[in-house]
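Naming follows writing order (A, B, C, D and E), and every chain is counted from residue 1.
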Amino acid sequence: KTQTGTLNWGTDPTYQPFEYADAANKPTGFDVELMEAIAAKMGRTSNLTSEAFDGLLLALEGKKFDAVCAAMTITPLREKEVSFSIPYYRSDMGIMYNPAKNNITKPEDLVGKTVGVQVGTTGEIDAKLITGVKVNSYPDIQLATQDLENGRIDAVVNDYPVCTAYASTHPTLKVIDTTSIAGQDLTQLYGIAVRKDDTQLKSDIDAALRKVVADGTYATLYRKYFFADPPYLPK
Amino acid sequence: MIKWSIIFDNLPFLLAGAWTTLTLTVASMIFATVAGLLVGLLNMFGGKVIGAITRVYIEAIRGTPALLLILIVYYALPRIGLNLPQFPAAVVSLAVCYAAYIAEVFRAAVESIPKGQSEAAFSLGMNRAQALRHVILPQTFRRVLPPLANEFAALIKDTSLVSVIAMQDLLFNAKIIGARTANFLSPLIGAALIYLIMTTPVMQWSRNLEKKVE
Amino acid sequence: MIKWSIIFDNLPFLLAGAWTTLTLTVASMIFATVAGLLVGLLNMFGGKVIGAITRVYIEAIRGTPALLLILIVYYALPRIGLNLPQFPAAVVSLAVCYAAYIAEVFRAAVESIPKGQSEAAFSLGMNRAQALRHVILPQTFRRVLPPLANEFAALIKDTSLVSVIAMQDLLFNAKIIGARTANFLSPLIGAALIYLIMTTPVMQWSRNLEKKVE
Amino acid sequence: MLVVDDLHKSFGSLEVIKGVSFDMDFKERLVLMGPSGSGKSTLVRCINWIEPPSAGRITFDGKLVEPGKCDIRRLREDIGMVFQQFNVFPHLTALQNVALGPIVVKKTARKAAEVEAMELLAKVGLSHRADHKPGQMSGGEQQRVAIARALAMHPKLMLFDEPTSSIDVELIHEVLDVMVRLADEGMTMIVVTHEMGFAKEVADRVIFMDQGLIIESGSPSEVFEHPQQERTLSFLSKVLLA
Amino acid sequence: MLVVDDLHKSFGSLEVIKGVSFDMDFKERLVLMGPSGSGKSTLVRCINWIEPPSAGRITFDGKLVEPGKCDIRRLREDIGMVFQQFNVFPHLTALQNVALGPIVVKKTARKAAEVEAMELLAKVGLSHRADHKPGQMSGGEQQRVAIARALAMHPKLMLFDEPTSSIDVELIHEVLDVMVRLADEGMTMIVVTHEMGFAKEVADRVIFMDQGLIIESGSPSEVFEHPQQERTLSFLSKVLLA
């Protein structure tokens, strides 16, 4: 049920810098502030519910909330279940590794190695594109990173900005930027997911997102979380 | 290895999670106990068909991982039109799960009353319902408390499964702190200690009650 | 609501997960039983200091959610130099967890032997070790089987927690199928049925053994 | 008042009562003896249908006992039973134990039931124990509460199944005293016991059972002093020697 | 051979034996009687230190029993004990029950121990039961296995704690017969029992206990026929009446 007063949306707040708990342990991040801005443009208040990443779309379908904004890549498979807003972010794939143990400069270096990914992410799908890689799927990206530091795995494949955010607090780790694996373009576009039958909400969100871009809020947020000017603007 | 400062600095956040854990446990326990008593009585005295249905329910629940059950209940409820908010949905899924265990607790307690007790009641001319109400159940309640307390402690622990699907309980918050501070172990140890503070007295109480019953 | 075709089409994948679940359970159970016997005996007969240490271990484990323990063991062991590959690490963390439960199973079994048995052994001039070896333990083993079988069933279920350490067990594979087919409920139901097929005979066996012991 | 006719009882394939017939009059006192496993308890429990017989007929107080046709619960109101293990209700005081039957089954007012319960407790010498729970009582006291509890239903027949064999040797007489007094007052009763003194003093008839059959029956002096059967003799000699 | 001197035993704050002294000679047969809770079992269990006394001295076979100084386990080898609840080992056959003590404690060769165990089983009339486990035996048979098990250690003194009071009334004589034969062979023994017949036939001395003290002691005829104490008289009258 869509409540008019609030925009109920779900995310998995274990994904720095998109959604995570700040020092006061309040959920924050690029997605969180973006959704607040979008909700404001829609004349609503943002109401966030936490959910494990691989259960997000299920919960959306179960109407536990009405939208999902969780650094979620728009894929054809997901588009079969839900509608996405216009893309609000473009990302490359990052490969995070421990330079003391491995030297990885390109995706092909992962052959014969064990790679950690978060279950249900595009990172998981992409890592499996390389033949000869053993993929370990973790319920959240912290656990994968933890195991990378423990040395059980050789690399973590995940969205590039997330990897860099992580490496900034884990100086032993390094990240390389990847745009293609096995000839496949890895550039990803993130979207806000809504239920297929919720066409009104989709168009409302699209309109609000365009307004957020138009008035410069988007660029401000981007600089705040990614320390650069946005290379891509939603349209 | 363990940074106590991380635990200490984030104690309010951990305690907020613990509060969720506790309210969730208490609410679920209440529903599970009522449902468990009902299911247990129906299973023992409800006749063949109802007895068989409740038996299947009890055995299916007891044979399946709680995590899986919670996922099923949690995600299936909306499909049958029960679109509950997060907290009530979690309560329902835990209660559905624990009612089966608690039904067995009640059954075991009733069966532990010596046969001579109901025979004595029958020999006075009581019927089944009278014997149950005046002789068996009053004796059952004392025996049921220790295992119920045990189920309560188990439920405190099993609420951690809800972190996997949705709720910001103690374990979930510990993981969030882990993510933010890049120190995974310390908040988990902190959470473990808080779980112990919640479960140990309950388990000890259960043991004391058990000794008293004997 | 439940699409049986999804379960059927993905049965090999589910069964592969079930195989992981099963091998993990068996391997963990072996280690947990050996460790549990050891911890139980040390707790009962190891003297004051060792008795207290093992008691703290047992109580700490029993009071903390298994999910949390597995996270701690799995992610903390490498920091103390125990950098095991995934499967052995999962076995170790489950065994560490279940050893505590199994130690209590052994303790309960030893305590259930009537005091008169050890008194009779002492009255023949046996010392503690001889009484334990020739009189108490042989009687314990029969009594220990039903609860051990129960722990085995519980372990089958608790292996579902290892999806948090990236093991592709039955539940994990079910969730993957759910993500791929956009139908969560069906593969979860399929997994539940497979869990039941694994746990129900074990629990039934445990009950039969229990009746025999009585 | 009681006619047992060709009674049979099997547990699964094990036939425990193999055709027992006897009848007894109002105010008669019958003592049942026999080796362990001979079926004494089973026979007694068949009489008030706590163990439904497999075959045979029981007539009580002129009426044929047939489940479905007559009300087994009414029958049980008329037959009091005292068990070897007392089976007093541990959660109730002595007074509540005695008053429960009338209150629940006969729907007697609580006040009236408790007044009568006090009288019955006085009769079995337990006035001072009215507010105690069974856990605080000796075996002899518990068994006397059980007797008072049965009497509270005003039974026409009392069944006693080894009422003294779970009681400390020096407390047995307390219970036997109460039973002797009951007999003196004219209560009809069937008593399974190996207390020879009681049997000699009280019994109108002694029935000796072996392997599910009555093998001997007669007055105490007939059975104890001139047993007809080898088996009776050997049993008696063992019990007396012990 | 046994001197018990001012023995005390407390459980927590409850003093159960309040200063008991007696001594007995080789081949003497002593019967202990007294009401429930008077401390008979506790006294007997103190003698072989299964219940360590709180105070007092026990001298056995000329040696003062002091833990630390003498070997309590050696003492126990010399003192056989038979329990009310039999306490036979349920996982072993009758033969293994009897042979276990010698094999484990005396390190006797299995073969030799089993040969002697067979002889002892024959002595208690159980040759045909050698390969049966206790679960398949009657109470009387189990208790006879327990006696044979104690005898296998060649004890100098046998303690019996109400050996017949958990046994069906018609099987009691089996056990008493064995005990009478043992006495006839000259075994030194202390028997807690309320079997008057056995006491009269076998006892050299009857000791009567009440509330943790010996209140009367003498030959069976002295104690049974001319008790000096009120308490003894009242107890005996109750037991005999029962």
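Everything that follows uses one rule, which is that a residue touches a chain if its C-beta (ideal position, glycine included) is under 8 Å from a C-beta of that chain, and two chains touch if they have at least 3 such contacts.
None of these values were measured; they are calculated from a predicted model.
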Shortest path length from chain B to chain E (each step joins two touching chains): 2
Other chains in touch with both chain B and chain D: none
A-C against A-B, pair bridged by the larger set of C-beta contacts: A-B
Farthest chain (mean CA position) relative to chain E: A
Intercentroid distance (Cα basis), chain B paired with chain A, Å: 36
Whole-Å gap separating chain C and chain E, where each centre is the average of the chain's CA atoms: 46
Interchain centroid distance [CA atoms averaged], chain B/chain C, Å: 20
Junction residues of chain C - those touching two or more other chains: 71, 75, 79, 164, 175, 184
Residues within chain D bordering two or more other chains: none
Residues of chain A touching at least two other chains: 58, 139, 146
Complete list of chain pairs which touch one another: A-B, A-C, B-C, B-D, C-E, D-E
Chain D-facing residues of chain E, complex: 35-36, 164-165, 168-173, 176, 194-195, 197, 235, 238-239, 241-242
Of chain D, residues touching chain B in the complex: 48, 50, 73-74, 76-77, 79-81, 83, 85, 87-91, 100-101, 104-105, 146, 149-150, 153
Chain A residues touching chain B - in the complex, by the definition given at the top: 1, 13-14, 16, 20-23, 25, 49-52, 55, 58-59, 61-64, 139-140, 142, 146, 169-170
Chain A-facing residues of chain C, complex: 71, 75, 78-79, 83-86, 89, 163-166, 168, 172, 175-176, 178-180, 182, 184
Contacting residues of chain B [partner chain D, same complex]: 114, 116-117, 119-120, 122-127, 130, 134-135, 138-139, 142
